[in-house]
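Chain lettering (A, B, C and D) follows the sequence in which the chains are written, and residue indices restart at 1 in each chain.
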Amino acid sequence: MSLTITLTALDAARLLDATSAGIVLVGILIAGTRSIGRAVWLVAAQAILLSAAIAGVGLATHSSHLVIGSLVTLASRGIAVPLAIRYILRQSPVRVERNPYLGPRASLVAAIAIVFVSAMAIGNATLVGSVEAPRALPAAVAEVLTGLLIAMTRRKGLSIVVGLLVFENGLALVAFSLTYGMPFVVELGATFDLLMVVVVVGVYARRMLTVFGSLSTDKLRNLRG
Amino acid sequence: MIPSAAVTTVLLAALQLIVFVLFAPFLTATIRLTKARLQSRRGPGLLQPYRDLAKWWGKLPLESNASGPVARYAPPVVLGAILTAALLVPEATSRAPLLGWGDLLVVVGLFATARFVLALSALDAGGAFGGMGSSRDVAISALAEPGLVLALAGAALAAGSSDLGIISAFGIKQGIGLLGPAHLLAAAAFAIVIVAETGHHPVDNPDTHLELTMIHEGMLIEASGRSLATLVFASELKLVVLAAVFSAAFFPFGGATEIAPGPIALGLLLGLGKMLIVGQGLALLDASIAKARIMTLPDLLGLASLLAIAGLGIQVLLP
Amino acid sequence: MNDPVVAILVLAPAIGGLAAWRMRGQTVELIAFAAYVAACSAGVGLILAAFQTGHVTAFGGIVSIDALGAYVLALTLIVAGLALWASPRYIRHELASDGLRPHDEGHYYALFLWFMATLITVPIVDNLGLLWVAIEATTVVSALLVGINRSPDAIEAAWKYLILGTIGVGFALLATLFAYASSVQVLGESSDALNWTRLMSIAPTLNPSLLRLSFVFALAGYGTKIGLVPFHTWLPDAHSQAPSPVSALLSGVSLVAALYALIRFHLVAVAGIGPGFSSTLLVAFGLLSMAVALPFMIRQEDVKRLLAYSSIEHMGLLAVGVGFGGPLALLGVALHMGLHAVTKATLFLSAGELVQQYGSRRLSAIRGTITAAPVAGVALGGGIVLLGGLPPSGIFVTEFAIVVGGVTQGFFPAAAATALLLALCFVALAVHGSRIVWGHPGPVLAASNFDIGLALRLAAPLLAVAVLGLWTPGPLISALESIKAILGATGA
Amino acid sequence: MTVTPDSGVVGVLLPIFWLAAVVALLLAAAVAFAPRLRPLSPILSTAGSALALALGCVLIASGASLSGSAFHVLALSTVAFHYDGLSGVFLVAFGLSSAAASLSIVGEQARSRPEEAAYPLFLASIVFVLGASTAFSFLLAWESMALLSAFLIVGLRPTRAVVSATNLYLAMTQVATAAILAGFAILAARSGGQLDFASWHIAAPGLGPISRNIALALLCIGFATKAGAMPFHVWLPRAHPVAPSHVSAVMSGAMIKTGIYGLVRLVVDVVGGCPDWLALTILGIGVVSAVMGVLYALMQHDIKRLLAFHSIENIGIILIGLGSALLLQAHGATELAALALTAALFHSINHAVFKSLLFLGAGAVVRATGLHDLNHLGGLGRKMPATMLAFGVGAAAISGLPPLNGFASEWLTFQGLFGAAGTAGIEPLARFAAALAIGGLALTTALAVACFVKATGVTFLGLPRTAAASNASETTRPAVVAMSLLAVTCLGLGLAAGPVSSALRAVARVAFHDGPPLVTVAAVSAEPQSSNVAIYAALSVGLLLAAAIGIIAIASWARARARVRRVDTWTCGIAPKPAFQYTATSYAKPIRLFFRRILVAEREVSVEYHPGTSFPSSVRYRSEITLLFEERVLKPAHRLSLRAANVARKLQGGAIQLYIAYMVLAVLVLLWWAR
């Protein structure tokens, strides 16, 4: 091939650190936005950053399955999933998170707080990973928590899905920052599952629209006790 | 020569049977007489109860249309039970005539049998007064029973046996030292119980014939002829037996400890004397205080139980 | 070589599902049964082999079936069989009463078969990662089944199931990651670093803090699928809204499958850092689950929710039993898994029957079944009695074993609490049961036409449970013994 | 099966009796479903019960024991049994009551085939309970017994009241079983995981005080509930009246005794005694159950409910005996302890006899009139003389009147209390408590007399109060035979009190592990203190009493019979009406007033007048007493728990965000815990 990039493992680690920082930043922005559409694009951005990091490390360590993995991530998390969500979103009358349990500013603050907390918590935890990327794991945990925060505090079904996706990105980052990812089969399976989840979300989103006329979870309070 | 155990038993039993049977109406007579005198009446002669019994025994029996075999055969059972009890109580001697046949609980049990059958028979005729008397009688004896047993239990625990013979022998052996506070409390409790069990003031009026006030008499209201005689005699005998139990358990002094004519005669006289005293006490009560409302009886009879419990407490907790 | 057999086992239902998607009526039922029979025959072979040789492997170690796996596989096949047998009657009724739309029939059987395929995959894979994938797959497929009739409640239940299930299984992924990380430290980047057998072999050398994290997340993640409080919130919704045969499969098998996964992590944890940590957590969460299920069972208006909460209770009991450890309790756990699966499946099937006949789920409506719907009604009553562990029920034996075993392991307060909670939960269930059976019958929608098939598939499992309470056949004993050996491999 | 000591004929008899009994009962269950053989079922049940009775007698008389095991489930043996003298005692109680009960339904059909089949199985389950030798087999039989009895109560087509009664029964028995299970678990754990009573007994001395106390307390709660002792009695007066009479007879006569059996087996035999506090607690429970039981019984006018409360009373009496026995044994007074235990065992048998008799009598009355309410009965004696006679004997026996059996065992109970109050070794306060118990027992017997005069008199004597009562007719012949047999047994056990109690005493000594039994004297006799003796020569007293009664009866009626004149009952000159009679309610009124502090009674009197006049046309009087424990403790607790459940259900609020929050919170807590 014509173009040859040479990266040392250390550079890869730095790259990972950098990207994970970026991912955290995007996560905070997601927490802070009202518009679901923008949130979806930001999620896509996270995925792209992630895949970039994976690709970098893959090139650095000359492990082909990481490179392929990054492509898979890009295709699935970066492109397919956001497009699917957009598609669903376009059918829903309301595309803005009107009155969440936790307002945008508040959740912005909360997300930042989460980052600091997890940084402090993981920073001094004795978690001996095989990767020398000190910022990656805290960032990943922060993402996981941010995702959950979003899922917890939004009313619109799709906002919750967005939270779910952030959560998933966080998980992927954890996987990557701990061990440079899982065995390839598992990665594939996981990605496949994620896609399936999104498909099913689509199915039910449509049914909710037909039955309830909206994607608001306020309608989904009937089953109690 | 020392007679064999069986012979002694038979002789003593026969003696006690005869004495009690003959003495029972007399005791009642003395009570009536004293009561009359205290109420400044002349009152009937001492033989009146005997005449009554003879008269009823000779009369033609009447039975209610409603009543059946229960009413007819209850009186023999009542009297039979009390007669049997009579032979289990020491009187002239420190031992009961029927040595080793039964203890104070058996005596109490036989009384219960008599009461059960009598109360049952009172319901047979289907009248209002029988039910009234029966209902009140069982209720009152239910209140009296704990006092009765607890009082005797005090004596029994002191003697270390519930056998009346052993109790009275123990008492005789103790002599005057027997009369400790616990003992006297128990005796007082028992005295109250006697009043209730034999139907004297303030619990019941033995001479009333006003239906609404009757308790014991109410149960007899449908009885006639020999049944009436039997039942009346049974109640007279019951008083004698209770008095005997009282003296045997609490004031056994003078009872003959060895089987010989002299001591037995003495013990017999003393025993009858004690009974007369008990009788006079009852007469005094009848004359001096009025019959209490039935609703106040729990206080009186509860008092009996409390006295007995206090006695037991002293006996067990501060020996 | 086992590979083709395993392939049939998994692929038969998968392909059958594809074939069934667009079919209807007799044909689809035929396809489904054919697929089931194929998978079943393959499965039986593997199960027997696994129990005889103790261990069956295929596809170069990716697939490895030990006694425990074989047992769960057997349960899956049995319960799936019952549910599939019950499906035609159920679906026809739904179609007749417009509960389902015509083309849903094919979708139902297809999804059913795929659900079955995923469930089958769970106990046979050795790689914890693939195990996770399989379990996530069960969530996705069954979520579609839960909402197959488009009623608002069904959609709500399915939505919650999907979201909560995904989050939970996400935690399970973290668990897998930490396990992987810990083993990578020892083995380096090797493909079998996530294989359970491998992990067990190197467990003592693994990093304890990573193992602790791993188990905690496994508890949270697979606990969600098991229905351990407080991760259980989706369960009563999904199990009550799903079509009854699916409810049977969910309550009977998928919970056990998740428990199976959790047990694998528990065993690794025990082997790595000793029994104290994970056992305590299991006992605590098990008790919590039983305690929280109780009030919901006392006051309940929905018959299927009632059964769902009783499933939570029994999963709690199983967790407690696993936590106790020790020969007696583990033997009890092993048997209880199966008995609960069968009994609860039967209960859901009979409940579904009643729901269809009364046209309502409300306990206040389903009354006097002994006159109105004798077969299903009596089955429900009998099932409740058996589930409550009254003789002659095998569950009596297992509960006895778990409680006594627990005390002998030194868990007296926990075991006493378990006994009390079991009694109370049974009382709650029995009170509802007595009203169902003897209450004053309300309006009945469809008169119960006596169906011999129905009677058979409701009576046979209960009969089996009853027989197992008095006598255990030798082969089963040996099977349970080997399972106990695995469960107690490194336990107390 | 093995018999130890395998002594010739006994070694042959025991297994044969056992097998025959079990087979007969199982057959009885089977034939219930056979179309033509169905009538055989009660007969087979009778035979099985009789065989169990025989087995029990042989076990007591020979002192041998029969043990064996079969059917394993997991590692646990389903049927593992060891019948010894103690089992024998309760087998006798069971056999007497169930044989009579089964006999009484010969020629009748149960409400349905399943119930017909469940009845013999229920009997069999009791037989298994009484012999079970391992925790598992015991609980298996125990639970089967609970389930089958519940089914027999509820039947196939119950009313709402019956269902709720059954639910209450099931609920209490399940919780009780949980307690027993926990207690067993402790004993098993402390004996290295062994599950059989024998090894528990061996390990018992090693029990630490804490685990010993906890285990004993749990077991006592569990068994006391089954026995129906207060305050665990609530299920009993609801369940017994609604069951068919023959079932009530067995439940009251035999099933609740299994609770007593469990107490004796575990506390006395296996654990080998208990600390003072527990002995005194049992004594106290006994006194409370006895007194309150009979008081509540007095206030009832449903005949079967009345009898049910009397079961509580008699269980109380039995517990008094057991409690004093444990107290005495804890202080080394083994002779007296054995005596007190003898009292408990003897009374268990006696209660089985007369309570079954009374329930069968009540059943006959209900069958003849269709009425439960005493206030609607009356004058039945004329129509059903045999029933009246049998019922009367039973009533006299349960009231503890000599020379019948009830008196003998109560006499022994009294002796045990005297012993406990008089034994110097025991703490004064405990002795005082025993002394007080004497008063309680006396009160109980006196109240029992009142209650059964009421029950018998209002039912059988006087004038019939309703048409149904006046059209009654004598019950079926088998029932009459069964009741007469029981009545004879009452008298027989009463007169043979001496030998019987000696035999039971041997059993009691073995249960206490006191080595070889005493040489026994041919009279009920006790040694309140070793030097002195109290004796009740039952036979002699009985004969003397009979003689006295006979003579007087002949004297007063031999020639008078012909000349009796019949007149109306005296009612102040008006023609007597049934309404003039005392009813059950009015009969018990004085006692209700005397004990008004305890029986918080509410009464309502409603008078209707002839229009425009002040002459009453009808007066109705209703009075209900308050069952304190039920009203003041149980119902509030129930309401509270329901309310609590409602609050708890808010957890499942429906909002998915809330659910996610639960998960996150839990995970964070877990992480914090795991770090």
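Criterion: contacts are C-beta pairs under 8 Å (C-beta built on N, C-alpha and C of every residue); 3 or more make two chains touch, one makes a residue touch a chain.
Note that the structure is predicted; figures quoted are calculated from it, not measured.
Chemist: Using direct touches as single steps, what is the fewest number of steps from chain B over to chain C?
Modeler: Between chain B and chain C, the shortest chain-hopping route counts 2.
Chemist: With centres defined by CA atoms only, which chain is the most remote from chain D?
Modeler: Checked the centroid distances; the maximum from chain D is A.
Chemist: Going by C-alpha centres, which chain would you call the most central?
Modeler: Centroid comparison flags D as closest.
Chemist: Between chain A and chain D, what's the gap in Å when you average each chain's C-alpha atoms?
Modeler: Centre-to-centre distance between chain A and chain D: 70 Å.
Chemist: Calculate how many whole Å lie between the centre of chain A and the centre of chain B, each centre taken as the average of the chain's C-alpha atoms.
Modeler: Each chain reduced to its C-alpha mean, chain A and chain B end up 100 Å apart.
Chemist: How many angstrom lie between the CA centroids of chain A and chain C, rounded to a whole number?
Modeler: Distance between chain centres, rounded to whole Å: 31 Å.
Chemist: Give, as an integer number of Å, the spacing between the C-alpha centres of chain D and chain B.
Modeler: Roughly 35 Å, centre to centre.
Chemist: What are the residue numbers in chain C that touch two or more other chains?
Modeler: In chain C, the residues touching two or more other chains are 159-160, 163, 167, 213, 236, 296, 299.
Chemist: What positions in chain B touch 2 or more of the other chains?
Modeler: none
Chemist: Please output the residue numbers of chain D that touch at least 2 other chains, ranges allowed.
Modeler: Within chain D, the residues that touch at least two other chains are 649, 652, 656, 660.
Chemist: Considering every pair of chains, which are in touch?
Modeler: A-C, A-D, B-D, C-D
Chemist: If we count contacts the way the header does, which residues on chain D are in touch with chain B in the complex?
Modeler: 378-379, 381-382, 392, 396, 399-402, 407, 411, 414-415, 418, 421-422, 428-429, 431-432, 435-436, 438-443, 445-447, 449-450, 452-454, 456-458, 461-463, 523, 528-529, 531-537, 540-541, 544-546, 548-550, 552-553, 555-557, 560, 563-572, 576, 578, 580-582, 586-591, 593-594
Chemist: Per the contact definition, I'd like the list of chain D residues that touch chain A in the complex.
Modeler: Listed in rising order, the residues are 649, 652-657, 660-661, 664, 675.
Chemist: Would you tell me which residues of chain A are touching chain C in their complex?
Modeler: Checking each residue of chain A against chain C gives 125-130, 144, 148, 151, 157, 160-161, 164, 167-168, 171, 174-175, 178-180, 182-183, 185-186, 189-190, 192-193, 196-197, 200-201, 203-204, 207-208, 210-212, 219-220, 222-223, 225.
Chemist: For chain D, which residues count as touching chain C in their complex?
Modeler: 71-76, 78, 135-136, 139-140, 143-144, 146-147, 154, 156-158, 160, 163, 166-167, 170-171, 174-175, 177-179, 181-182, 184-186, 188-189, 193, 195, 211, 218, 641-642, 644-646, 648-649, 651-652, 656, 658-660, 662-663, 665-667, 670-671, 673-674
Chemist: Can you name the residues of chain C that touch chain D in the complex?
Modeler: 159-160, 163-164, 167-168, 171, 212-213, 215-217, 219-220, 224, 230-231, 233-234, 236, 277, 281, 292, 294-296, 298-299, 328, 331-332, 335, 370, 385, 388-392, 394, 396-397, 400-401, 403-404, 406-408, 410, 412, 415-416, 419-420, 422-424, 426-427, 430-431, 434-435, 438-440, 468-472, 477, 480
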